[in-house]
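Please see the structure below; I have some questions.
A, B, C, D and E are the chain letters, set down in written order, and residue numbers restart from 1 in every chain.
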Amino acid sequence: MANFVKGHFLITILATIAGLFVYFFLHLERSWEIVLVVGLAVLTMVVSRRKNLIARAQETCLQKPKFSISVFFVAAVAIIFALRSEHFALLMLTTVLLYITVCFGLTAQFGFVGLVNFAGIAFFGIGAYTTAVLYQYAAIPDFLIILASGLVAAVIGSILILPILRTKGHYAALITIAFGVLFRTFLEVNDTLGGPQGLKVDGISVFGLSFNENINLGLLGTGSSYVTYSILALVLCLVTFVFVRRMENSWVGLNMDMVRHDEIAAASFGIHPPSWKILAFTLGNFFAGLAGSIYASMSGFIAPASFNFADSLVLVSIVLLGGLGNVFSVIPAAFLVVVLPEKLQLIQEYRLLIFGIVVILILRFKPSGIMPRGARRYYPSLGVKK
Amino acid sequence: MSLLSVDRLTVSFGGLRALDEFSFSLSEGDFVGLIGPNGSGKTTFFNALTGIYKPQFGSVSVDGNDVTKASPQAMYEVGVTRTFQRLRLVPSLSVFDNLIVGSQRGLNTNLWWNIFKRAGLRKKVDEELSRCSDLLSQFNPRLVGTLLSPVSTLSMIDRRRIEVCRALISQPRILLLDEPSAGMTHEETRMLMEDLLTWKERSPSLAIVLIEHEMGVIDRVTNRCVVLNYGKKIAEGEYQIVSQDPLVKTAYLGEE
Amino acid sequence: MTPLLKIENTVSGYDEADVLAGVSLDVAEREITCLLGANGAGKTTLIRTLLGLNPIRSGKVFFKTTEITGWPTHEIVRLGITCVPEGRRVFPAMTVLENLRMGGYLNESKSDISERLDYAFTIFPKLKERVGQLAGTMSGGEQAMLTIARGLMGNPELIIFDEPSLGLSPLFVKENFRVIQEINGQGISVLLVEQNVRQTLAISHVGHVLAQGKIITSGNTETLRESDALKAAYFGG
Amino acid sequence: SDSSNKVKITFIGPLTGGVSAGGLGGRNSAELAVRLRNASGQSKYSYELVPLDDECKPNIGVQVATKASADPAVIAGVTHYCSAVAMGTVDIYHKFGLPVIVWGAVLPDITYANDYKEIHRVNGTMINQNEVAANFMVERGYKTWAVIHDTTDYGKGHNEYFSKSLSPLGGKILGTFAVNAEQQDFTAELTQIKRLNPDVIYFGGLAPTGVRIRAQMEKLAMDQVFQGTSGIVSDAFIEGAGDLAEGVLAFREGAPTEKLPGGAVFIEKYTEANFNEPPEAYGAFSFAAANLIMDAIEKVGPDRIAVMAELNATNDHDSIIGKISFDDHGQNTVAVITKYVIQDGKWVVWEDSSYAAGAKRLTR
Amino acid sequence: MDLGFLAQFFVNGLVLGVIYALVAVGFTLFFGVLDVIKFSHGDVLMLGAFTALATYLGLSDIGVAPGVALILVFVAGIAGMAFVGAIVCKFLVLPLRGAPQLNTLLITLMFGTVIRESVRLFYPSGSNPKPFPKLLPDNAFEFGNLTLRLDSCIIVLLGILAIIFTQLFIQKTKFGLAIRAVAQDEETARLMGVNFKTVVLLTFALGSALAAVGGISTGLYYQEINFAMGLMLGLIGFSSAVLGGLGSLYGAIAGGFLFAALQTVGAVWFAVPAYKDVFAFAVVIMLMAWRPTGLLAERNEERV
């Protein structure tokens, strides 16, 4: 009983600390404040690494997944409400949440089944463009538009399936690179989708609630229009998280791991590698499409220049910096990769330089990423000593 | 009708005929030794049989159904499992994960089920865990404790045992073992073979084909053996008889 | 006379655990020294440690009079040690011939290399038929032959064999033992690890038995054959 | 001035990436305006410039525009060099009610495709520029053109307005080549053009791409006149193209910085301030925009709505780029377009050049 | 189309192909030795060109003759980049050996960003394109519609020579064997007496030196360099190397020329030349589906 309470207590503390860090990271603008927050985060990391706290914390959360997810969700909602009138912080938060969603999909692709996808942003872009077009030409409910965007991304992705199934490793990577470059150039040259100028996108509205208006939060006063978007993104992120985690901790995840490690052994025991590759690839692209759709509505405007190869590399960086295959690790990595350069605006033209150096330093000290992947756990208490 | 029948199976790589019109048949309960000099085509035969290599010529049938061009997955479905000469376990995955892959046929890999029926999954995992423990405890009780540790922490010999267990866990009808005892001491080999024989007693219909270079083992455990040389069958029969064959002596045993 | 290779109190292991808990062992010049022990006793670990592939935690290693503790592998090898590693470690994407050439990487004499090549081919005629085949596509036993043949390409004073006959057919197991004796006859010292205790003892001059990370008994092969320690090491007695 | 009365103005432009030269020049100029104002001792407020980097990418632009707009302390902004980014952010400024003055982007749609009162622009649009360009070239007797433009808004817009202006005058475009701005090699396109053998190569794009095209014409021994747009009126072009820059023509709205009413002072102060980068072609516009904003704030106080109203009413306002008057769309109605030619490594106003005097001749 | 123009397209494509091939060979070398993708390669190429330019400016200040300057410019660029390559290898690539291979890609990618941003920020007005000195004789020969310039010919020749030199170096010395051995089995290679670190460092130095040759050639040919030039060249070089078949020097060369050909054809074929990249990359996807391990595929050594 005492242990039981201790676990819940620990998780709550953890969520609070993480929440505070995220809040201050997003909220603060002055240079010394940010340096302080980042410094504190690094210090916390170092100390907790000494005492193996991160692993222990992860373990505690793993044992009580439902409770931890609820607590972290509440913490996230709390952050959103705390930031309710800070448009920019919320915009960043939503962007991060959407990127995290895409990276969950990419984790399934390269972490689980071993397909390196360098066209992540292209599928994100396909989702965004689908949304833009559907708003213009189709009168269907908005949530269907989001769904359709995901589907279109998945379907367009399937034209790559044949070449991807035939190739492996770097060769498959080249195919996705080629697709990414091709997609972006195509958009830019082709005028029917707005050409280089891009397209305007309407905001989502569901049941008369327009996501682009500031909202009334009752006692909390009016909130930024981004509050609604960030909550939507949070929900999407959470759903994909649970989905991908459950997938990992199941026979599906097992089969995907086998396919990544040894296709011949896998085949000899009845696993059909192409099916799993197709599943992971399509699913990942679907997630990217969903996220892209919300992103398009939120930013109200999309253009080919937003879907560069460089942006795909940002996504890849998140997945790798976190720790390949570890679903959790995507979250801190995304905050670092997406928000840090923005916070570095203070140093203006030096920001990309500093950002590059920061990532190099992280990898030098943690070559396998911030949080390397752990063992599969089919259910929470598996292997826990009573 | 024999369980497995192979007719003039031929596999070549470029100009090299690794398996040359090899015919062979196997009945339920057989324990056959497959021997022959290095490079005589033993492993190639396993590969052709399990659908990894496509034969250029000849046919294979199981229960009278033609499976010559069948995929590895289909061969597994028919009940043919194997071990690999070079182990093909995934070192970073747990012993349990490695083992349970062998049980693929019994696993529900439907995405929906796996994501939403967690209680069912949990029950199944517990069942499989105890099945794996039982199996491991037959081969080496010490291994039961390592069920959830990565295979990379195990010694080579234990890995070989796990590879054998992975092939057994799906209750195959035909088991193909490719030098399972390589690197084991005499004593360890003996124990492994005892364990296999015990298993076989419990499922008498299981047919086993064993590749092995240790003649003592072949003599002790098999009831028949087939000798390959340059991809061709040069002898077949009980070991005591085959080993007297002058061809076998010069080509393989190195006795005059 | 100083031994060719001298290992003193070596401690080594993986991660936290020590596998070797202070091993001392000599390999005398022109002799075949065998190292016996059950699976997992640490024979391979010892070899890797003395060759600098595993970091040594404490202890010393001498080759002739030079202390080589902590030297990088390629420099140790340069002193005149060749190793036939455990587990058929061929270069899979190289042809048989290229693999053999790698064996002679340190051998500067072209004529010596071609002589040795001929020698390797007479022992393993199969390799000659397959000079152009990619080593990775060869059968298990063929790969074993190739690692042995590759080990014969250099010009060493000491050859270390780690379970060379694993996966070889009976004919070649015999052949292999014969070759080891032949090499030794040319004045090259041999450190041999094999599971085949009987045949190993038959060709060795001196033997050591490794168990629980220590040498539990050493001596000439006649006495070893009868030793209880040997049996204990293998049968866990 | 009362230093506790801090007022923030944002500057947004590309500070990193391929066209950062223009962005940094603009940033420095705005910075200079703020510094001079604070140092003048006559202002009611103490100003602070908040420079933000849009990387010339719309998605980043939307982010930083939100950042600036959402900060209530920011009263107005000097924003955007890249047209694509400006197109993406106008809605944001409108949504948050942040008055901004565009200082470099030239696509007409930025001001004309909406009715947002927040959006103003001190520099002219590409329409005026191309009308003058077409007239001038046809008068010189050129008859045939090949157009190369990059696939950005900027390049495509120029292509559109130039061909529109040219056809009534009887000039003929023999071929149009859309190219990527990041492209390095243009020999294939240029060989095509060589086949068409036009009198002039019109290039709609920015300096880095322009430099490459000009340099590669040389590879193919092409002697066409190279006619650029405002995007190449930059020291970067001359520096990059070296000797080959000689005789290149380009057109830009507004008078050259040194000929501006306050141009000499601007250049002097800029030099004094010791920035690492030159002001580039649009630095003066950025300087003027920043001053226009500060003037408005001085007058009506640091309040967005009041400042917006004040800006909308701008008429005949003196600035270093001449009188500024905004039309209904917030577009400065400066009609003056300057024709430039590169002579002896400098951008020279056509009328002052040896070419106009007849001492030098263009290649064709 | 008249023959002169056809020849012109061919010549253009040839120069482009040589430059791509030089970059691709570098990728193949890194891949061959460590199975890693080094994404900073394009930026190293750019840095090589800038090093050469800075050297030239320094030399012309003290009045060195152009011929001598040309040689010194190459020496400086090549030596500088070889050094940078070795540094990258020592401090960024080797320490990451235990980690997932893709992490090497990430760290080199970031290093590329650091190089690029550093040049932009710290080279005097580095964000602007820079004219590259005309160090080669620029006599032009007109054959009808074909303009053949001496400098283009020299650059093609130079590139081919550099590639042949690399090829010979790798084939005729034990070094090539050692590179492959290290890639396939590091430990066993060490047992054979190969100095692993030296081999890897040298390979990276060699690959980066080739990038410098590529960068300087680009400068000499286009007479212009800029801090962002490595981005596209790196991407295309990588694509060429993979297209040709990783690990094969000839494959890299074939890939480079093929890519140049595709772009040239694309530019001629389409009314909108910007489609040429769409075309080239679409063809790449199809070629990969047809030959999954590249045009000159490695022989498959995997067995069961």
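By our rule, a contact is a pair of C-beta atoms (placed from the backbone, for glycine too) under 8 Å apart; a residue touches a chain by one contact, two chains touch by 3 or more.
No experiment lies behind these values; they were computed from the predicted model shown.
Counting steps between touching chains, the shortest path from chain A to chain C takes 2. Chains that touch both chain A and chain D are the following: E.
Graph distance from chain C to chain D, where chains that touch are one step apart, equals 2. Of the two chain pairs examined here, C-E and A-E, the one linked by more C-beta pairs in contact is A-E. Among the other chains, the CA centroid farthest from that of chain C is the one of D. The chain with its Cα centre farthest from the Cα centre of chain E is B. The distance from the centre of chain B to the centre of chain E, with each centre set as the mean of the Cα atoms, comes to 49 Å. Chain A and chain B have CA centres that are 43 Å apart.
Chain D and chain E have CA centres that are 36 Å apart.
One simple way to say how far apart two chains are is to compare their mean CA positions; for chain B and chain C this gives 30 Å. Shown for chain B are the residues in touch with two or more other chains, namely 43, 52, 84, 86, 88. Annotation for chain D: residues touching 2 or more other chains are 16, 20, 24, 151, 178, 180. Chain E has residues 117, 272, 274, 277, 304 in contact with two or more other chains. If you check the complex, the residues on chain A that touch chain E are 110, 116, 160, 162-163, 166-168, 170-171, 173-175, 177-179, 181-182, 185-186, 188-189, 264, 309, 313, 316-317, 320-321, 324, 349-350, 352-353, 355-357, 359-360, 363-364, 367-369. The touching residues of chain E, counted against chain D in their complex, run 1, 5, 8-9, 12-13, 15-16, 117, 120, 125, 127-131, 140, 142, 145, 147, 149, 152, 218, 221-224, 226, 228-229, 231-233, 263-264, 267-268, 272-274, 276-277.
The part of chain B that touches chain A in the complex is made up of residues 50-52, 71-73, 75-77, 81-82, 84, 88-90, 92-94, 97, 100-102, 104-105, 107-109, 111, 114-115, 118, 121-122, 125, 148, 150, 166, 170. Partner chain B is touched in their complex by these residues of chain C: 38-40, 88, 126, 137-142, 144-145, 163, 166-175, 195, 197, 234-235. By the touch criterion given at the top, residues 174, 177-178, 180-181, 184-185, 187-196, 298-299, 301-303 of chain E touch chain C in their complex.
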